[in-house]
């Protein structure tokens, strides 16, 4: 397990980057820590296998299994109180909910929820045009698409974001303007690891901007404060005991 | 202003009961405090005028104005960081969002959101059959109805709840069973001041049960931790300056 | 009660302006009379308190309560056969339906219905951009949004409309063209007191234009001709008898 | 043209039975006259060809063409101000709207609209189970299905209705109870020629019952009072001039 | 019956042009043969009466009855294994399903289905703007509209298509670009008899282009290979035996 | 690659079982062959790793990656013209569409499409209650849920099906009756490898029953006959070239 070491404390929230980029994992964990409650330990995790970035359905399904593999093989001594799935628009959340009893928060859902509390119609600004459909699907199946006016792409790859900060901000501002033109009065940053862009975007566009990782972590805190746990009845009942050839994948390495 | 005195501390969340029952305001505030973060002050508020309980559209629209009246006339020295609208399925949330810049969380929305993170389909259990349509409307316009399988009524009035505890629990268990039969794997307690029923209901039905006030308060904490504020563009732009005869109502008393 | 005096006759339809502008109440009543059946008395009403115009959620919820206050305190000798709620996109209709047994027609609903009978897709042209979301919500919860292609704003305040007639018409024509460009083949004038604009708009745009007050009054006549009354079962059952502090508001003055 | 002779007067509304049963045409026309305004002439019409009753898609498409055939071949001296399509759930309304400039009201739409103004959720009670899907489709495409809780069948053929009055009423009461059990607080009589059943049904079930022909005629009156005409732009633009072999059908006889 | 003579073989699929243009019937049949399996006979049919082209609701309802008339009066010796309704967006499919036991495939549905298997969002390119609403209705009632981003018109009449090939292609390319701009990654040719345009459109726009007749015929083959037949329960139960005056129409000639 | 050996011929359709049960792969391939065209080779495939049956979200996401792993590592000499994803309600179809240019048919989609052509409302009968939500999600995101009345479970595990044939049939008949009671007039067998049950179910319930594998294979044939290929623009553009640690998984073994 390539876990970023926890920072001590009581409650532990695992923030799971869906790709194998350690730099992004660190950035996500740092963003998570910035909003976590004083007593909360943030455990930044990333899968052992899979793509260094997820930008499409093919990668998304790989990361879904890789993240489930990770969650299945966590050492017994790692005690986690909640999981934040930190891949925006990525698959796998329902599988994690089936596997675990603790709350599982997908940052896609959490960000949309925060946006829906801050404005009347929200837009998503994301990286590449190719992921728009995937994000739309993720919101649709989550039952959170009704108030979304659209997903606009900055046309930057996940790992390009931040390389040229000014260009990144400009591209996101342009995408945000398109979303606002379509009726949005609040924006969601549709990608993990965008925390640095948020303040500039909000300043430039004069609308609230939701950082997805921040929304995910604080939503996990909210569920924990309520003592809530994932349903173990129906769709999220524990996985059946059965033969799974070559699974988990990582233990065979 | 008939405010329950705050309990000191840094951050202050106003939890606004929509009716004029002080007993219910106290109960709601107590439920809020039970889940609030250590440094958070809970300010239990209730409108100065309006019904002692809201059980239908007529009352709901009265309470909406009465709560807006309250929020308009808060003394300058009361500094509030977030507002929780603690009337389940009641009107007014969009008006408060227009008036204020701090986050405004309706417990109806927050509870549905928590339920959607814990299960695959949720049901609402509430008091009287007459409020089912109003709750459905509230969820519809909030964009949160898609994954709701139905609203089931225990057939108890708001103020009856808790009078005969065993009967209350039995009635809610029966309503919960109907919701589960319709496909729910998580339930929302569709009324403020139900905190006492939650644990028994969850134990009897083996599904997670979301207490709406708890969800509302912790969601407000989440928004505050993210530094989020209500959009002041478009639908929630500040109210226009204009003549409003006899408004606010309470100051004329 | 600041009622415009009725004009005598048999059947009486109360046309309730939601704001306290007497000029607008007179204009609405005049528009109503122009389409009412020979034997119908039009009773133009306005609330005793509240904003002089409603342009947003905050005002809308105030007017909802003020209108319910008015309807609750009507003198016994005022016999009303139907109520037309003459605030486009404003709240409160369900509360009035709960309070009364006679038909209650919201002009928002009636106008959308007329439009849906005259064309295949309709658009709404309204005053300020800030009310677009509120109108969308009103149509959504009424179950009448499916065939609406959009709400376009002329960017004129409610009370500005008509001050400069040529500018008003030009602004509405431009908004109408946007709606037609989005697929509308019929338009709804999304504001009360627009009757004067209708003919010019229809002439300029070559599509039918529905005046909301006219639609509301004639729809009320239609319901009366059928002998229909509001349901008193379920969501619109009569308000429960209970203590309502300081309510109705106006009687305390 | 097998027209029931008009009863004189100024404004003329053609009420078009979709089938060739003269008895039903008479009954529909009588129902129409009972709610029409004093000055309105009701012209009961029926197609020259087609089924004696329409109970399914096959018949419905035949009647759609037969009604359009009738409307195409009306003698020039018949001046009609509005058309009421008096077949519940039947096809053809959009074709008539394309052909004509006067308002065309489908009783399916008008009845649903009246129901939506009188209650919060409506149900439809109709004749045979086989037509449920067709009625659902008709409401869906009209954009009026959202607040319909279901279509319940009395399991009586169109022409059976009224033969044994007590049995008819009992069957409709049972269907109505199922709709109310599903959440309806107002019912639509989903068939033309049911006027006789309405009062008994309303009395037995304590909810408003909408007679579709009554709703259609009074809605046509409403549109006429507003001076409204069908859009001639876009989907309802006048039919193109072209060769139509053997059409109209009736003139070849 | 003006049938284009079949080409022999085992399985027989009737491809029914909805209008009376023999040229278009031949073109449709040729397109059908080009994709049919080796052993399949294609029987090109057209109604005996009705318009030479269908471009609007009025024509569409005429063709629906004319096609049902044709299917009702097919000589006993014509044995048909499946029917393809080859009018894009035209009415009547449910009537044919009620009449027949063999599979009935509407090319509108089949084309949308193929598009939904090849891309994530589809657009329809069609002839005249006036038919856009009708196509939207057809997809809506078929339950296939969710993933359609829009219907774009080339502004060419049905019979104009192909007269000036270069102009036709250019007009369709422009319409296709609008659909792609709205989010489509696959296009449907929303008209029968367009087969010639398909390859050029696909080449020019770099997206898959679905020819509706091809989709319809191969879908019928698929249903036949599975041994599937139309449901005879509920909405598609066989038409009731009853008097139908002057029906079928053609036998009276 | 654990491929069931192909049976020779021209066109080759890979039918991919999502689990590692060779018995089920054989059964699926046999069902596929029974409906394939004479010249079509059926290549039964199964992933090298993953669960022996998929009954829930956790397994579904594992199989999605395992199937993509398989498709990524197919030997160059295996030439495939189309892929049928033969796991009912399972994830991964969009990833395969991104990876490949040939048509990819998910049996969930194909079966729903066939059902929608044969009846007016369809129901799904499946194995365990726990997979109902997953199937609903799959249909929702595919845009095929509108006409589905529900998913009913026989309460049998995937591998139990067929062990006790009489019990299996009885359990599916009971589930089918519930779906028909909810309004279905056609059923989908919501599981791969059910071919044996289909005829008995259809006979017992008198409605058409769609076998999902049959629908999938014949739909793939239909797309191939039309010369259709998957869109390579937008959401299904080829996966980006990038580092993917430990992927494909199987080649590391």
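Here the chain labels run A, B, C, D, E and F in written order, and each chain numbers its own residues starting at 1.
Rule of thumb we're sticking to: contacts are C-beta pairs under 8 Å (C-beta built on N, C-alpha and C of every residue); 3 or more make two chains touch, one makes a residue touch a chain.
For clarity, every value in this text was computed on a predicted model and none was experimentally measured.
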{"item": "Same or different residue numbers at the chain A/chain B copy interface, by half rule", "value": "same"}
{"item": "Rotation angle (°) superposing Cα atoms of chain D on chain E, nearest 5", "value": "180"}
{"item": "Listed pair (B-C, D-E or A-B) duplicating the E-F contact set, over half by residue number", "value": "A-B"}
{"item": "For chain A paired with chain F, centre-to-centre distance based on mean C-alpha positions, whole Å", "value": "29"}
{"item": "Gap in Å, rounded to a whole number, between the CA centres of chain E and chain A", "value": "45"}
{"item": "Residues of chain F engaged with two or more neighbouring chains", "value": "94, 120-121, 132-133, 183, 185, 234-236"}
{"item": "Chain A partner contacts - residues on chain B that touch it in the complex", "value": "35-37, 94, 103-105, 109-110, 113-114, 116-121, 142-147, 180, 183, 185-186, 206-208, 210-211, 214-215, 218-219, 221-223, 225-226, 228-236"}
{"item": "In the complex with chain F, residue positions of chain A that touch it", "value": "20, 48-53, 55-62, 64-66, 68, 91-92, 94-95, 97-99, 129-134, 137, 140-141, 157, 234-237, 239-240, 242-247, 249, 252-253"}
